[in-house]
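Listed after this line are the structures, all set down as structure tokens.
Presented sequentially are two complexes of chain A, the first with chain B as partner and the second with chain C.
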Partner chain A sequence: MADKRPPMGPRTNSAWPSPAALILTTVVVIGVFAFPWLNPGYRALSFAVTTGVTAIVLYGMAIPFGQAGIMSLGYAGLMGFGAYTAAILSRDFGLNMWEAMPFSALVAALCAGLFGLPSLRISGHHFAITTYVMCELLRIALINGGKFTGAASGLDLPPIGTVLGVKLDKLSNAYMLVAGFMFISMLAAYCVANSRYGRTLRSVRENEQLSRSIGVNTNMYKVGAFMLSGLFAGVGGDLQAYNFRHISPDLYGGATSLYFALMVMLGGPRTAFGPLAGAIIVTFLPEFMRIDPVDSRIAYGLALIAVVMLIPGGVIAAVGRGYQWVMRTLRGPHAGSADPHSAQV
Partner chain B sequence: MVTFLQELVNSLSVASVIILMGIGVTLIFGLTGIINFAHGEFLMLGAIGVWVLMGYGLGYIPAVLIAVAVVGLIGFLLERGLFQFTLTRPNNGFMASLGLSIVLQHVVIRIWNSFSKSIPEPLPGVWQIGEITFIKMRVVVVLVTALVVAVTFLTISRSRYGLALRASLADRQTAALMGIPIRRYITVVFTYGSAIAGLGGALTIALFPVTPFVGSEMIMLGFAVALIAGLGNVPGVVGAGLILGLVTGFSGAYGTPEWTNAYTFGLMIVILIFRPQGLFGGTMGPAIE
Partner chain C sequence: MATLEITGLRKTFGGVVALAGVDMTIRSEEILGVIGPNGSGKTTLFNTVCGVYRPTTGTIHWNGVDIAGMPAYAIGRLGLGRTFQQAMSFPALTVRENVQIAIEHGSRREDGAGPQWSSPEELLEFVDLEAFADEVASVMPFGNLRRLGVAVALGGHPAQLLLDEPAAGLNEGESVQLIHLLRRAHELGVGICIIDHHVGLMAELCSRLVVLHFGNKIADGPVDDVLSDPKVIEVYLGGEE
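And then the complex of A and B:
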């Protein structure tokens, strides 16, 4: 298979995607923004909002997991930091969603750095288990936080309010807002992956010793990747808190983190559309199709096992490979390997 | 003082279940390199198995024996059907086991429901020694655990099979050249660890009501004792399990039960950071390739 390809030329490192990828992106953007006009109904639209918020966090998670190759199971916790920051700032200082957002992002990023610190000493599965445990620690702390965190029943938030004459309390407008943030985070994750920084992270993933030997401060890069991903989680948490208008500790436990990991792996952490696809497949589809939640979880567990064993890059990467194979077959054997950037970030 | 001794006695049975969980994790994770997040679900299956069988009118002891055998068989099938393909890429095994954990949990919820399940006390009554009360069933749980620990420890440290196992951990290639059937050892260890988890579950349901979610709680305690002790270190698991059991018992007795798991998890993180090889020293898992 690989030997039929022409020899690789010098790597261009161009961040510009191929025309096919641009067309696909346009279709997805239009499709997502056109969704409310299809009259999906209140229920589907509110699940779509949840899906979008989840996807924002997943794009953050894809940076350390996809690029640096470090799996963390702490993202529900980081999202929780963002959400609780927003709720507490709103309660104690009367800040609204926009004013709280930078604080949410900052708090989550700092905590992400803190969650990531053990990765300098602990590697691989030990680290994944450690972050899961940190997430559980946060949940226990929130439950026992008394009045400050609202204990097990959680906290309430005011409505988002009106910005520039747009009533964001209306669900379809809130959907547009979340969709906008979702695409911003997709773009941001794409830019990070295709930057010098992203390349260095990949060098840490492929061979940490080697990249350290040529003078890369891998510790800084690792913690940096976590903090960057924490920004996404914080923004996601802020948006989630204001869209749900009620948050409780159980939203941010280890179990939620597991589902986040499931979604990222299912969609594919190294592809531009992977996290979105994962969020749609796991969060949106079963509710939209009204599948029994227990059945759908069994199905997703099985799907995850199948993806891990058969197509390790995730669903979107497999689709990308399929597309490239079709294009190669159509163009004949020597017409060139389609742009490697089209699917694989 | 009496309260203190009483709590000590009560903690031992909690510690026993944690130790049974930890032994499975430490053997499977430490000796075969498979990180099975679904290990806690084996405990849950053992407990639910006993509940189902007793529902058909079986006695407690035959129900335990059948449930342990069934969980062992499930472990065997999963190792042959799934985990053996992930031996060289433990990351994939870990991710697949996350999916497996979700599947097993929800299959049980699907067939029976998610409510907590309990069985009539198999051995009611207490022994009274001085002012301290020994609940009979708890004593049995501690004794069974002690037996399992002794058998496991002696097999690994004294028998030729244990020697071969430790050799294959140190260097798979050389051990294979010496004629040790490594694949078969991995299967046996995985099956044994699964069955021990099943036994833990079968004993748990004799002490407390059990929900289908008990597995995901117990697996974290299992990882905690195994990592605190140092992977592959069976006596270490006993030490760590006793520490955690006592922490659980005493934080319950002296005021802050809602923070119990926080102490456990905090201890685990601190120990992993400052002593990655564990408190009592262990392997860091087998070297892959």
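And then the complex of A and C:
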């Protein structure tokens, strides 16, 4: 699978995916863009738009979490900064979705840097809890923001409008737009993971003291990774605000952040398709299986424990390992990779 | 040639005096050994020089630049590399990626000694680990992990290396291999300063020895002179001599 390569890429240093990975990627891209032609219905299509927007945020989140190893529970808040920036710029300055996007990204990135600052002093659960609290504080601030933030009822946004004759307010077109941005995020996250920058983040994750000794300013890299991921969250927030046409503080609380964390862990933060898979599973599974929302939360809790204990790399990494195992078995015991740690194809 | 000048270096942790005002000079053209009983302040000396700790008092000049209290990464960037007492690596990454990261950061420096490693493979061949390039670092035998630690430090393109017990836990053959490696690194122009308890190894490798005892320097000079110094025999070598 394409999955395992980006972070570890053990066999070669080339950032180029293997043929099998390219075929899989092509299938996924075609599948995602073909989805509206399968007549999925309005409800499923709007779920798909939400999934796509969420996946954009998750690809950002995968950079500090997957590469630098720092789990933050503040991403709904960062998405909120992006969404509220878009809504306020639209209301006060008449900017449209495209014009607001760079501002949303920038504001979210700066706030992500702030959210990431505690990671210089604390780590693990302590940092995760700190960012969760920051996210909740943002929600409370939005509720009490008076006219500026629209208080508890939130803010409205105008339609996305038309670009090059394409009416983007039509749901299937909006879906295409979001899918496009989602694949750009996927590619961007992949490029980061395979760059010198991504490798340095992994060195920070693996051994901060050793990393510093060879001249890496680990603090800068940590905050930088958060700011980079904030760009994704800001773009996601802008897209979400214009697709929902109405935003409110409850969308951006700690609970949403927990769902994001669940998705990214479930899918696998170090795999190219992990965040997308996580977003799809968590958004669509309860809908398809008609699980009660309360029951589904219990199921998520159990699923998360199962993932952490049984398949720590996430679902996609596990599928990749399974595929490799099958290929090795088919080729015979001595053929193929002798390294049990390389899970790439 | 690079020079590390340490004057009056003192480091205390609460009431514990780890370094009680040490003066010493480390020149990159020599192989210097630092010996002393456990708790004599050897590792504290390295950690203070490399920016892990801020000195309580005293100065540290690296090629004339005052580096006392500078953050560890900035000292690393100035070409002062180190290894750690515990064999350190980036455990979940491959051996190749371990050295690649070091080279990518070391190659930005112009003032380091030795060659600019053009590829991870070249450096891995130098430390005799090329066969393990695709292994995950954490599954390697301990002796290889020690050499990987040296490789990562060399990849950082240092002018001077401070090695904290690089031979600890190694068997006879691995120790010999390591000494050989350090000699070759020194021939490339990298200064070597090494802490170790193995007096035989130190006598074979080093040209000068410094002896620490309770945070004080009690001897400093050519290996033979230091090892026959009655004070050194009394506090450190004891029954061995």
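Just so it is clear, the second predicted complex is superposed on the first by the 321 of 345 C-alpha atoms of A that agree within 3 Å, B and C clash if a C-alpha of one lies under 4 Å from a C-alpha of the other, contacts with A are read in each partner's own complex, and residues count from 1 in each chain.
We take it that a residue touches a chain if its C-beta (ideal position, glycine included) is under 8 Å from a C-beta of that chain, and two chains touch if they have at least 3 such contacts.
As the structure is a prediction and not an experimental result, all values here were calculated from the model.
Chemist: Tell me which partner A:M263 touches in the superposition: chain B (first), chain C (second), both or neither.
Modeler: neither
Chemist: According to the stated criteria, A:A100 is in contact with first (chain B), second (chain C), both, or neither; which is it?
Modeler: Once the two structures are laid over each other on A, A:A100 reaches no partner at all.
Chemist: Quick check on the superposed pair: does A:V57 touch chain B, chain C, both, or neither? Answer first, second, both or neither.
Modeler: neither
Chemist: What is the contact status of A:I143 with respect to chain B (first) and chain C (second): first, second, both, or neither?
Modeler: After superposition on chain A, A:I143 lies in contact with chain B alone.
Chemist: So, does A:L210 touch the first partner chain B, the second partner chain C, both, or neither?
Modeler: Touch status of A:L210: second partner only.
Chemist: First (chain B), second (chain C), both or neither: which does A:I280 touch?
Modeler: Neither partner.
Chemist: Going by the contact rule stated at the top, is it chain B or chain C that touches a larger number of residues on chain A?
Modeler: Higher number of touched chain A residues: B.
Chemist: On the A-aligned overlay, A:I88 touches which partner chain: chain B = first, chain C = second, or both, or neither?
Modeler: Neither partner.
Chemist: Residues of chain A touching chain C in their complex?
Modeler: Result: residues 8-11, 13, 196, 199-200, 202-203, 206-207, 209-218, 339, 341-342 of chain A touch chain C.
Chemist: Which of the residues in chain B come into contact with chain A in the complex?
Modeler: Residues in contact with chain A: 35, 82, 85-86, 90-92, 94-96, 98-103, 105-107, 109-110, 216, 220, 223-224, 227, 258-259, 261-262, 265-266, 268-269, 272-273, 276.
Chemist: Mind pulling up the chain C residues that touch chain A in the complex?
Modeler: My answer: residues 50, 52, 71-74, 76-77, 81-82, 84, 88-94, 96-97, 100-102, 104-106, 108-109, 120, 134-136, 139, 152-153, 155-156.
Chemist: Would you mind writing out the residues of chain A in touch with chain B in their complex?
Modeler: That would be residues 71, 118, 121-122, 124-126, 128-130, 132-134, 136-137, 140-141, 143-144, 254-255, 258, 261-262, 265, 294-295, 297-298, 300-305, 308-309, 312 of chain A.
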